[in-house]
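What follows is chain A paired twice: with chain B in the first complex and chain C in the second.
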Partner chain A sequence: MILAAFLVAEFILFSATGRNFLQPDNLTNIVRHSTEIGLLALVMMPVILTGGIDLSVGSLLGLCAVLFGKMVQDAGLSPGAAAAVTLLVGGIAGGFNALLITRLRLPPLIVTLGTFSLFRGLAEAITKGTATYSKFPDSFLALGSATFLGLPTQAWVFVAVAGVIWILVHRTTFGRSWRAIGFSPEGARYAGLPVERRLAFAYVMAGVVAALAAIILTARVTQARADAGTGYELLAITAVVLGGTSIFGGTGSVHGTLLGVAAIAVLTNGLSRIPSIMGVSRELSGVLTGALLIAALAGGVLMKFLSERRARRQTSATPSTPSNA
Partner chain B sequence: MKRLLPILACAALALITGCGPSESKPGTSAPGGPAPAGKKLSIALLPKSKGNQYFVNVKKGADKAAAELGIELIFDGPTNTDPAKQNEIVENWITLGVDVIAAACENRDGIATALKKAQAKGIKVLTYDSDTTPDARSFFVNQATAQGIGYTLMDTAAKLCGEEGEFAIITATLTAANMNEWRKNIEARLKEKYPKMKLVDTKPCDDQKDKAQQETANLLGAYPNLKCVMAICSPAVPGAAEAVKQAGKAGKVKVLGLGLPNENKAYVKSGVTQAVILWKVEDLGYLTLHAAAALAKGELKPGATSYKAGPLGELKIEGTDILLGQPFVFTKDNIEQFDF
Partner chain C sequence: MTPLLQLVSVTKSFGAVRALKGVSFDLKAGEVHALLGENGAGKSTLIKVITGAHRPDAGTMAIAGNAIENLTPTAAQRLGIACIHQQPTLFPDLTVAENIALRLGTTRSFARVNWPANRARTAELLGRIGAAIEPDAEVRSLSMPGQQLVEIACALGAGARIVIMDEPTASLTQKEQHLLFGVVRDLKARGVGVIYISHRLEEIFALADRVTVLRDGESIGTREVHQPSGSGALAGASPSGASPVDAPSGEAPEGQSDRRGACPTIDLTEAELIRLMVGREVAAIYPPSESDPGDVVLSIHNLGCSAGGVKNVTLDIRAGEIVGLAGLVGAGRTELARVLFGLTPADAGQIRLHGQSITVCSPQEAVAHGIAYVPEDRRRHGIILEMPVAENLTMAIHRRLFPGSWLKLKAERHLALDLIRDLGVKAYGPEAPGGSLSGGNQQKVSVARWLATKPKLLILDEPTQGVDVGAKSEIHRIIRRLAKDGLAVLMISSDLPEVLGMSDRIAVMRGGTVVATLPGGTSAHEVMATALGQSAPEAAA
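Let's turn to the complex of A and B:
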């Protein structure tokens, strides 16, 4: 709610002070530039909902981008076939995370910290740190730069993924079991939920969508490099937490995550268009995002405290004021 | 309240994504069109990375030119190695409506698409320091040609040795294309002008300071009459100097090379290294902005063969390369004035 108001305030502020902020081309830029991080945030959300975390998605994005580039350029695969293999690899990588987390019962933070280095290391090994892939057919690059029915092509992919995940989290038993696991894994297990399978599903989904983000990023930048997606996992986590999902798991919403992504994307873009701070906008948006995150978390705690106090007062007052509902 | 949230979220999303062309206001001027008379030129300068001391010095020179010419200079670049960032910054500049974009390209091919998009919108594009594909820019401000580097290295070495005696080269690898080009020019100059000097050996150091030090120590042992070590990759310059210093031959065996002044200051000041060769990075920034302004005003046109860049004088243009001129030799007398 507060975040939605913040987003509206951003729009008003930046359209007044930013140069050409509301121009359609710029709004298209905002969407294009935040699609990959948005996708990662969308799949990070269910993972965090279960009380877990996936630090490996940014590195996996780099690995998948390099694999995709190599398959198209060196092995001569069509972009479609290469994309299918890349998504499969993403799924397997996510499955590897899931295996370690569910079978060996290792903490997700440690497992994905390990694969964070592992995936990036593999990407660098494949390219020996220097090779880049940039020979892609125009039909594939359209995914990153063309528009379809008035929207940037990748926005349609994003909307589709967001829709699927919204339904999964808010309208199916998957969402309910992820929440239950986040509240109490033991409780969920005693309640007869297939905890391992539900957890694995969230991590595999994160892997597949990270691969999808890799393909979209490659199409946008027209080049695949081993350092693609560096730091994206933290930006995704920031958006999820800013969007109201508890880092301890159990509560959160997909639309909140979408608002979180939008708030950060608009902030970064808008600040870079205010003449007086153009040169330091990137640093400033980092500072403001951090401040916003802390304010949001502290505000949440404060609100909870206030509402609890009000509830306590109400319960103590109930006997003297009979309700007529 | 709870019910409202998804609706608001959808509305916000629609607001961001919903950007059909019908929304454009007729009043706003098209971005990147020719600047109306009287309006300040807006030039965007893209470094490879923002915090790098080299590019901080580029900016210093660019700031000077901007102040002199009354230009709005926008300097922004990536702060980490995210390869998507340069493209994003350029794409943002396109909609910001700048007049010229001057870029030092981290990804030769990757950034070409974004730069071509800018050109399609009527924004002038030039590159400096590191080029993109030629069809994505009008000019490349070239800080040093292979011939300039090769000849300056050879001439400086000859001067240090009194134009006679043995010298050796430390390179990065024997296959590095740019360094082989420099070596070819060094040897051409040697043959042409210095018959009494002899190149006795060329050793690779894999771009590592330690290996350069070791190779130099070996060279000093193998060639007792060696008068000069020429290091043509930047980590090799301090590496060679350290070896000469440890062998107790400081001053007797001269050291020179292609590198950054800051990395070599200590050796230059203590007399181990006699000369460090590079270009004046501030001048590169000054020239880039000067040329960018001329390009926007139509004073610099494709096909020009020379360009007058204020205090830098009349500079040569080869094809589409604007040449900064001969490299600069940093010595004990002047190295203190530079910080990069």
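Let's turn to the complex of A and C:
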């Protein structure tokens, strides 16, 4: 709720102060630029819902981007075939995370911190640190620049992924299990839920969608570099947490995550439209995003504290209510 | 003689709910005064008033004749009131000495800590209560009773005159209970007044001088407890054949000496206490067995699991039969259940279900085979506290209820309402979070979740631990009904009267294996002796 109000406030503020903020071109621009982080946030959400975290998605995006570029440019694969292979690689990489987390029972933070370095390192090894791949057919680049039925092409991909994940989280036993695992992994195990399989699914899905984001990013910036997606994992986590998903797992919603993504995307873009601060808008948006995150979390804790205090006044007697009075 | 602690007409309301309606209570020095009542009777509120956590609305409180007003927890501590909680509140990563130093030490910042003195003091305090605990041991490494002993040592160190014990034996083995009882008697001998809360009536008969029963925020009555001279007197009072008389006899070893002679008057019986507590006559403590055991449902042969410390277990359970699994904590009972439920899969032996040889490598496989396990630790394993009752209830039947993984919220709600009604779960609705329910109702949810799977074998691990008397007998009735309907039940319990009262047969475990299977009418004495691995006379000596 607060986040939605904040988003509206952003729109009002930036349309008043920003140059051309409300122009269709700029709105399209916002959508195009936020698709990749939005995709990562969408798959980060179920992972965080299980009480886990995936720090490797940004690095995996970089690795998948250069793999895709190399396959198209050096191996002469068609973009479609290369994309299929890239998605497969993403899934395998996610599966590698999942394997370490579910079989060896290592903490997700440590596992994905490891693969965060590993995937980026592999990407740099492929490019030898210098190569960029930029020979892509126009038909492929349309994914990053064309519109379809009035919306940027990649927005349709985003909507499809968002829809699938919303359904998974809110309308299927997958979401139910993720939440149960987030609240109590042992409790979920004792309830006979397939804890390992459900966890693995979340991490594999994160890998596949990170690969998808890599392809979309490549199409948008028309080149694939080893440093693609640097820092995206943190922005994705920020969007998820800002969107009301508990970092401890168990509670959260996909629509909240979408609002979180929108709030960050609009903030970043809007600041770059205000003439007086244009030069430092990147830095400023970082500062403001951080401040927003902390304010949202602190506000949440404060509200909870207040409502609990109110509830305690009213219901602290409830446990003492005679059960068979 | 001025009582050590005296409360007169204490009332306390929370909003519209009157938790205490004029309760009077007194505690003498050197007395064990038991406080009894169902969950929600007002015990916790009363304790919180005494420890300064709640301020009473009306009524007076005096310590050693001095009126006390505006008591705060800190002031209560200074006045020598200590509370030992069911779950010890120590820092698990610190050592015993560090914990005690934290409780008793100076609160000045940057003060130098004199570790040798702290250690010596810790050793001295632990020695006083006869606890064999190393001051340098990490609290994490201590057993639950060990941690409770550390709490008691803290209370002693703080010079407590009034010690409140809230269900101290809930997680103790028989042997540890004896140790704790010894400590309580020792405190008593030192002139400390002990307020003792427990759901286990036999403990109250073994330990208390007086007992006050609370019901619905009122004090129903205070009775003198004349500690029984033998188990025979109580057996007469208890109508069920398998009478819960083991406690006094189990108590015999060190109880004999400080029993005030053979007191012939038994003016208080278990049945009367229960009547006082629930406000109605409880005809029989345990419902009689009505089952007629059918075919063998589960047959295990030489089952073993080295990781779980279970070996060579051979056992049959028939349809409609309740097999009690007795034994000391650490005998491998829960471990056996974990093997059968696939949490720690077996690495030796055979499991046959209705004659079919099966393997159980995960809880999912166990569920698929129709094996259900209601775990011991309901707050951590039995239910998920943060999730609604309905979601908890359907958690084990996702596949059946939600084909193709699609949630069917209406169907779920209907099923949940049925189960809630069926088992008499008291919750404000299927959407109530599991954690908002009382212990007994949480346990019913945990059982109901598994009944929903329509199991062939139901394993219950300490099904009534920490639930109040009313809920306890309801759970017993539910178990009986399930057995009557042909379910095979394996019931693990450390509550020996419960095992004796409920079981058609009793399997006794020791050292990771089933050492004997005894018929239903076996005496408490024999079960205990088998569990201890002693010949019968030794167990009592």
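The rule is short, and it goes like this: the second predicted complex is superposed on the first by the 315 of 325 C-alpha atoms of A that agree within 3 Å, B and C clash if a C-alpha of one lies under 4 Å from a C-alpha of the other, contacts with A are read in each partner's own complex, and residues count from 1 in each chain.
In the analysis below, a contact is a pair of C-beta atoms (placed from the backbone, for glycine too) under 8 Å apart; a residue touches a chain by one contact, two chains touch by 3 or more.
Everything numeric in this text was worked out from a predicted model, so none of it was measured.
Asker: Looking at the overlay, does A:19 come into contact with chain B only (first), chain C only (second), both, or neither?
Answerer: The first partner, chain B, only.
Asker: For A:30 in the superposed arrangement: first (chain B), second (chain C), both or neither?
Answerer: first
Asker: Of the two partner chains, chain B (first) and chain C (second), which one does A:192 touch, if any: first, second, both, or neither?
Answerer: second
Asker: Counting only touches as set out at the top, which of chain B and chain C does A:184 meet: first, second, both, neither?
Answerer: Only chain C is touched by A:184; chain B is not.
Asker: Touching A:70 in the superposition: chain B (first), chain C (second), both, neither?
Answerer: The answer is neither, since A:70 touches no partner chain.
Asker: With both complexes overlaid on chain A, does A:279 touch chain B (first), chain C (second), both or neither?
Answerer: In the superposed model, A:279 contacts chain B only, not chain C.
Asker: Give the label of whichever partner, chain B or chain C, reaches more residues of chain A.
Answerer: Touching more of chain A: B.
Asker: Classify the contacts of A:250 with the two partner chains as first (chain B alone), second (chain C alone), both, or neither.
Answerer: A:250: touches chain C, not chain B.
Asker: After superposition on the shared chain, which partner residues are touched by A:171: those of chain B (first), chain C (second), both, or neither?
Answerer: After superposing on A, A:171 lies in contact with chain C but is clear of chain B.
Asker: So in the complex, the part of chain B that touches chain A is made up of which residues?
Answerer: Per the stated touch rule, the residues are 1, 4-6, 8-10, 12-13, 15-21, 23-24, 28, 31, 50, 72, 74-76, 79-84, 87-88, 91-92, 94-97, 107, 109-110, 112-113, 117.
Asker: Provide the residue numbers of chain C that touch chain A in the complex, in ascending order.
Answerer: These residues of chain C touch chain A: 13-17, 19, 38-42, 44-45, 215-217, 278, 343, 362-364, 366-367, 373, 375, 380-387, 391-392, 395-396, 398, 402, 405-407, 426, 438, 449, 453, 468, 470.
Asker: Could you pull out which chain A residues touch chain C in their complex?
Answerer: Those in contact with chain C are residues 171-174, 176-177, 179-180, 183-184, 186-194, 250-251, 313-325.
Asker: Looking at the complex, which residues from chain A come into contact with chain B?
Answerer: Where chain A meets chain B, its residues are 1, 4, 7-8, 11, 19-20, 22-33, 36, 132, 134, 141, 145, 150-152, 155, 159, 217, 220-223, 225, 227-231, 253, 255-256, 258-259, 262, 265-266, 269, 272-273, 275, 278-279, 281-283.
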